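Pasting a structure below so you can have a look.
Chains: A, B, C, D, E and F, in written order; residue numbering restarts at 1 for each.
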Amino acid sequence: VTSPVVQLGRVWHFCASHRLHVDALSAEENTRIFGKCNHPHGHGHNYTVEVSLRGAIDAATGMVVNLADLDAFAARELIERFDHRNLNTLDCFADRVSTTENLARELWSIFMKFNELFPQVELVRVRVEETANNSFEYFGDNAAQ
Amino acid sequence: VTSPVVQLGRVWHFCASHRLHVDALSAEENTRIFGKCNHPHGHGHNYTVEVSLRGAIDAATGMVVNLADLDAFAARELIERFDHRNLNTLDCFADRVSTTENLARELWSIFMKFNELFPQVELVRVRVEETANNSFEYFGDNAAQ
Amino acid sequence: VTSPVVQLGRVWHFCASHRLHVDALSAEENTRIFGKCNHPHGHGHNYTVEVSLRGAIDAATGMVVNLADLDAFAARELIERFDHRNLNTLDCFADRVSTTENLARELWSIFMKFNELFPQVELVRVRVEETANNSFEYFGDNAAQ
Amino acid sequence: VTSPVVQLGRVWHFCASHRLHVDALSAEENTRIFGKCNHPHGHGHNYTVEVSLRGAIDAATGMVVNLADLDAFAARELIERFDHRNLNTLDCFADRVSTTENLARELWSIFMKFNELFPQVELVRVRVEETANNSFEYFGDNAAQ
Amino acid sequence: VTSPVVQLGRVWHFCASHRLHVDALSAEENTRIFGKCNHPHGHGHNYTVEVSLRGAIDAATGMVVNLADLDAFAARELIERFDHRNLNTLDCFADRVSTTENLARELWSIFMKFNELFPQVELVRVRVEETANNSFEYFGDNAAQ
Amino acid sequence: VTSPVVQLGRVWHFCASHRLHVDALSAEENTRIFGKCNHPHGHGHNYTVEVSLRGAIDAATGMVVNLADLDAFAARELIERFDHRNLNTLDCFADRVSTTENLARELWSIFMKFNELFPQVELVRVRVEETANNSFEYFGDNAAQ
């Protein structure tokens, strides 16, 4: 008998600034590609992150994973590192433009560590909402193109 | 010629209380596992349920299924049974912890009956939002783990 | 020269259960008055509380009051006491029905203590949202009827 | 080495009116099937459209596609044609009921043209929200039934 | 001893169409004033109505007014008359442009009848949201300009 | 006969970065007062601005003021100047901390110019939401403390 599988989604928020800019390109090129997102002193967002994890319901506790464990991980690895920061100054954006596409990919690699600590769940999606009008989802490095 | 297939999502709300508790465990164990969700007199939520159904667009009516039929079913089987109730007192939680994981699974079995009454649609997802920060989705008993 | 006055609103959430019931009334009367809110085992809500405070902008800091102080107070006096509780078991509802009207009044008296600790601001409103469709506001014991 | 694939979602809003009605059916049949949505002078909605596109992150720009290009396309092909219109008067609903099922399908065919202009992305979903309580998703003409 | 006074807000939604047009003006004038809101076949919205009532908390029930009474009134006088309608065809807009300003005023006069039926509360505000980006509030015919 | 007076609210969004910092204070003082909002490279928000204007309904048009005029003003004076900017680099924050209290006051002075151009309305409130959990309202320089 297999246990039923549930997918849970957990949401956190953080506030950060960034600037879309490629050093190797000219000022004109940067403006043409990134528009107002290239303004020299940066801008910012209230980012919303949703992480989706899939796993079997534990018959004893009725839970897929303890949200307290997930929140403790997110407090340390997500909020502590990204909240009230300038994304461009973080190591992970030293060689990459701080687009939300790249941010989603970075957050996937972070939450894969939670997956390793709690192998009863499988990380299936990281979704980052930059504003109410756009969002970016990453489904893992092996997701089919 | 096959008809185009659309997936519709319909949302309802209900207010209920619950307490996460396993009788077979000690008070200390219950507190360790469930934290504040184990407080003795319970607590509650405004639950949001979204049911997703997939089916071919009827060429005559332009609809996949009549939302009036779906709402009548939900009024009787969802709202009447769960709204303004204590989940722990319901039959379906007599032997299971009233987690939202287990609630999502229970709601799947309920809406499978709608699926049987209206076989032109296929139930593909039940999503339950406990708070704005967490949600649980069930994709069926045969969904791959 | 007087400083400009700003009104700030701060929002917190808590999850609680309650039952609307008056012991002195018959079961029929309770049902007639409170309807489904009188169901014997209670139900619950995700409550949203917004507190509005008015004060002069401090010329040095640009702030009316430090939100860190306000959040610390709310963590201790609001979240700790109301979150994941059954309102009916709290002292403040021992002699009063646990309606959101009475809850708004109780929260006013709690946040008046913040007002005493930080007299540079004036408490002007407590708003409690029980569901997305109803809310209750209290403007103080001296607000004109 | 393949580039990581991200799915982006972009949201736009438009306001339109419509009436659900089939000329070939009697007034009684129309009322029975469409209920209040068949009221003779129509009604309307604030429609929300979300388009999901999937593609590899461009190593140079960090973007899957330039949102400025997507917004320019949507301004011309979505907002200009649907906003502040009566759906029933549009060519695409001359022979079809103006249900949101059929609207989702029509919007898919529109955004497939964006897909042709920018082949580095693949259109994977069009979601139309008619009210906060219902939504309709189309995944393409070849999506499995 | 006076009872504490609470202000409650109750929200309902309805879907309607309208067209902003003044018969006495030329087509050019109508277009200049109303822009896309003057498109000949109309458009529509999901309208959100919030009614605010103020009254003393009843010492026995803990309520300002029974929401069941308010909802029954709104079902009959608001939803039944406005939902899934074309505002321009209603009597109240026979001689007035169907702007949301005029709609707010009309809804005030409707809910004043509730105020007459339940004089323990005072109608203090009607708020109508046409889209997420605009709203109109009416505070009564005697509100100071 | 006086015309009925309506209060309209119009909402816009912009994305900006800022850092709370007072040059005259030590690093320790800045950290003590502003906490994480003092992080050296700044952070950012999706700011939501709502402006409330009050005026008589024009008998001919049914409008208090033409929203097209208001939007044109906001595009030029609000979005163009604040969107995708670092608040600290703007003239209005050269001598003031870029708190949302001070931002609300600055936006009041901007929209007073709209009030001068369209004297049929009176500016009564500017509300700025920094995150979903906090907001700041300014009611004018003469509002009673």
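Descriptive notes on the structure:
We take it that a residue touches a chain if its C-beta (ideal position, glycine included) is under 8 Å from a C-beta of that chain, and two chains touch if they have at least 3 such contacts.
Keep in mind that this is a model prediction, so the values were computed, not measured.
The equivalent interface to C-E, defined as the listed pair sharing over half of its contact pairs by residue number with it, is A-D out of A-D, B-C or A-F.
The interface holding more C-beta pairs in contact, when D-E is weighed against C-F, is D-E.
Work out the mean CA point of chain D and of chain F, and you get 34 Å between them.
One finds 27 Å separating the Cα centroids of chain E and chain F. Contact with two or more other chains is made by residues 132 of chain B. Residues 20, 22, 33-35, 96-99, 101-102, 104-105, 132-139, 141, 143-145 of chain A are the ones touching chain D in the complex. The touching residues of chain C, counted against chain B in their complex, run 13, 15-18, 36-37, 39, 41-46, 83-86, 88-89, 131-132.
Those residues of chain C that touch chain F in the shared complex are 2, 4-12, 54, 56-57, 60-64, 66-68.
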